[in-house]
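After this come two complexes, each holding subunit A, first together with subunit B and then together with subunit C.
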Partner chain A sequence: MQAGEALSGLFERKFKIAEIALSHRTPAELPEILGDAAEPVCASFYQIRGEIPGFLLLIMPIDEVNAFLKPLLGDHVTEEAMADSAFGEVGNVVGSAFLNYLADYYRTYAAPTPPQVFRDMVGALMGSLAAVFVAEGQEQVPVVRTVFTQESEKLSALLLWIPYALSLSELRK
Partner chain B sequence: MIRSIGLGEYAVGRDVQEDWAIYGLGSCVGLILCEPTTRVLAMAHVVLPVSPSPDPEQPARYGDTVVPFLLEEMKKLGAVTEHVMAQLAGGARMFEISGVAGDIGRRNVESVRSSLARHGVPVTAEEVGGASGRTLRWHAKTRLAVVSRFGAPDVILTPDRCRVGGSWTDGRVVKNSTEPR
Partner chain C sequence: MARILVVDDAAFMRMRLKTVLGEQGWEVLEASNGVEAIQMYEQHKPDLVMMDITMPEMDGLTALRAIREKDPNAKVVMCSALGQESTVIEAIKSGAKDFIVKPFQPERVVDTVKKQLG
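Take a look at the complex of A and B:
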């Protein structure tokens, strides 16, 4: 909810939370978690350190990014470097709101790294994350998926929180 | 029809009539082994450089176990190990992260290359490293491997000397192969 409000506040237009879901996936399922692994997306990626380590990603279909950022950048939206920087900042705002809520609710500490922004195949990104979990010996991966939609522009953005299973079990305590 | 090979999976066949693909390779490595004289083909999606045990449940998942495993599977279909050639793609460094994972992509490539060398399998072509994702496709009709990247033109991985048009019966170079696009 906080992340949705942060997004709406930043863009001065209403974003609705269309879906929040927790699922457990095998690492092999991660590349196709959004459908076609070859689908190009824009993603803002954060590694989360602290007491609930894991990863946070804001993901959007690449052909929606310009329309999404237009209210912030105006005609500069077509400048890719500027658009990527803005997308990273949007991820910061949304991700921070999400993490702050978690940290407050669970009275814990979470610190994201600076954003890394990608325009690439979603499968390459998620598959590389899957390899990290396999390397850690983790064969089940919890995925918290939040979908934001902005109806007038028919835009949707996806926030994925992928904590290490250990950190999720720590939270449950 | 396209057969998609997921993380840690593999495929092996003789006279393969369907296309094979690994979509969205990041740090993982896509490995193709082909034996032109018997038309036996194998493809694997390698996730990590080193197996946690010598006899893992998914041998195609690890750089140090995938090569001997695939060679054995290919031999069962009649392949002659001495004629096997390799092509690989992937091994990118998609993001900077700290911890045990490190640069998995680079280590995957090194592990697969090293295992191929140990088993005497030459690498005829590779498209590895960098920081972007790749899709690796094997086209059954043309017997060519093609690498696709977002925002870049497709690259035919299979070198001229390994191109063997539609019949692909004896490993000779056949001119005028159709380049898939």
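Take a look at the complex of A and C:
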């Protein structure tokens, strides 16, 4: 909810949360978690440090990014470096709103790294992440998926929170 | 004319703040991380610093402490999406004059700057 409000606040237009879901996947399932692994996407990605470590990603189909960012950037939207900077900042604001709520509610601390922005096939992106969990020996990966939509523009963005299993154990305490 | 140093690793956010502050007639300087911020502060002695927290090279809280150590009268306002209670408290204890949580309304930024510039 807080992440949706942050998104609406940044764009000064209403975004609604269309879906929130928690699932558990094996690392091998991550590349196809959004369906077609070959779909090109833009992703704002960061690691979370602190007491609930993991990863946060804001993902959007690449052909929707310019329309999404146009209200923020105006004519600058065609400059890829500026568009990537803006998309990274949107991910920062939305992801941090989510983390702020978690941290304050559970009386813990979570700090994201500066965002990195990738334009790649979703399968390649999630495959890299899967490799991290395989290296950690984690057989099940919890995934919290939140979908935001802005109806007037028919745009949707996806926020994925993928914590290490120990993070959920920490919260359950 | 007051001089304000905007510190943020996101070029987009520096552009946005520069527009909001520039419209008020304030001169805006830019730095993209904490290390640059300290150098720019020493070089230009701005009237106010608006500082992000999550940045590469050096984060904003570390830069805040370094600037306040060199100049205990430095006015630094944090402007960050990382608005967890513990972070806000740490920033204020470290000498920040105020804390603006992103996303911000331009009016909130202007009011805060006016208040700090007196």
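Everything that follows uses one rule, which is that the second predicted complex is superposed on the first by the 173 of 173 C-alpha atoms of A that agree within 3 Å, B and C clash if a C-alpha of one lies under 4 Å from a C-alpha of the other, contacts with A are read in each partner's own complex, and residues count from 1 in each chain.
Simple rule for what comes next: a contact is a pair of C-beta atoms (placed from the backbone, for glycine too) under 8 Å apart; a residue touches a chain by one contact, two chains touch by 3 or more.
Computed from a predicted model, the values in this text were never measured in an experiment.
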item	value
Clash or fit (per the criteria above) of subunit B with subunit C on subunit A	fit
Partner chain in contact with A:85 - subunit B first, subunit C second, else both or neither	second
Touching partner for A:147 - first (subunit B), second (subunit C), both, neither	neither
First (subunit B), second (subunit C), both or neither touched by A:73	second
First (subunit B), second (subunit C), both or neither touched by A:17	neither
Touched partner set for A:109, first subunit B, second subunit C, both or neither	second
First (subunit B), second (subunit C), both or neither touched by A:36	first
Touching partner for A:165 - first (subunit B), second (subunit C), both, neither	neither
Nearest-approach distance, in Å, of subunit C Cα atoms to those of subunit B in the combined model	12
Footprint overlap on subunit A, comparing subunit B with subunit C	none
List of subunit B residues in touch with subunit A within their complex	4, 6-9, 23-28, 47-48, 52, 61, 92, 94-101, 104-105, 132-135, 148, 150-151
Residue ranges of subunit C in contact with subunit A within the complex	9-13, 15-16, 54-56, 80-87, 101-103, 105
Complex contact set, residues of subunit A against subunit C	6, 9-10, 72-73, 76, 81-82, 85-86, 88-89, 92-93, 95-97, 99-100, 103-104, 109-114
Residue numbers on subunit A that touch subunit B, as the complex places them	27-28, 30-32, 36-38, 40, 45, 47, 49, 62, 116, 118-128, 130-132, 134-137
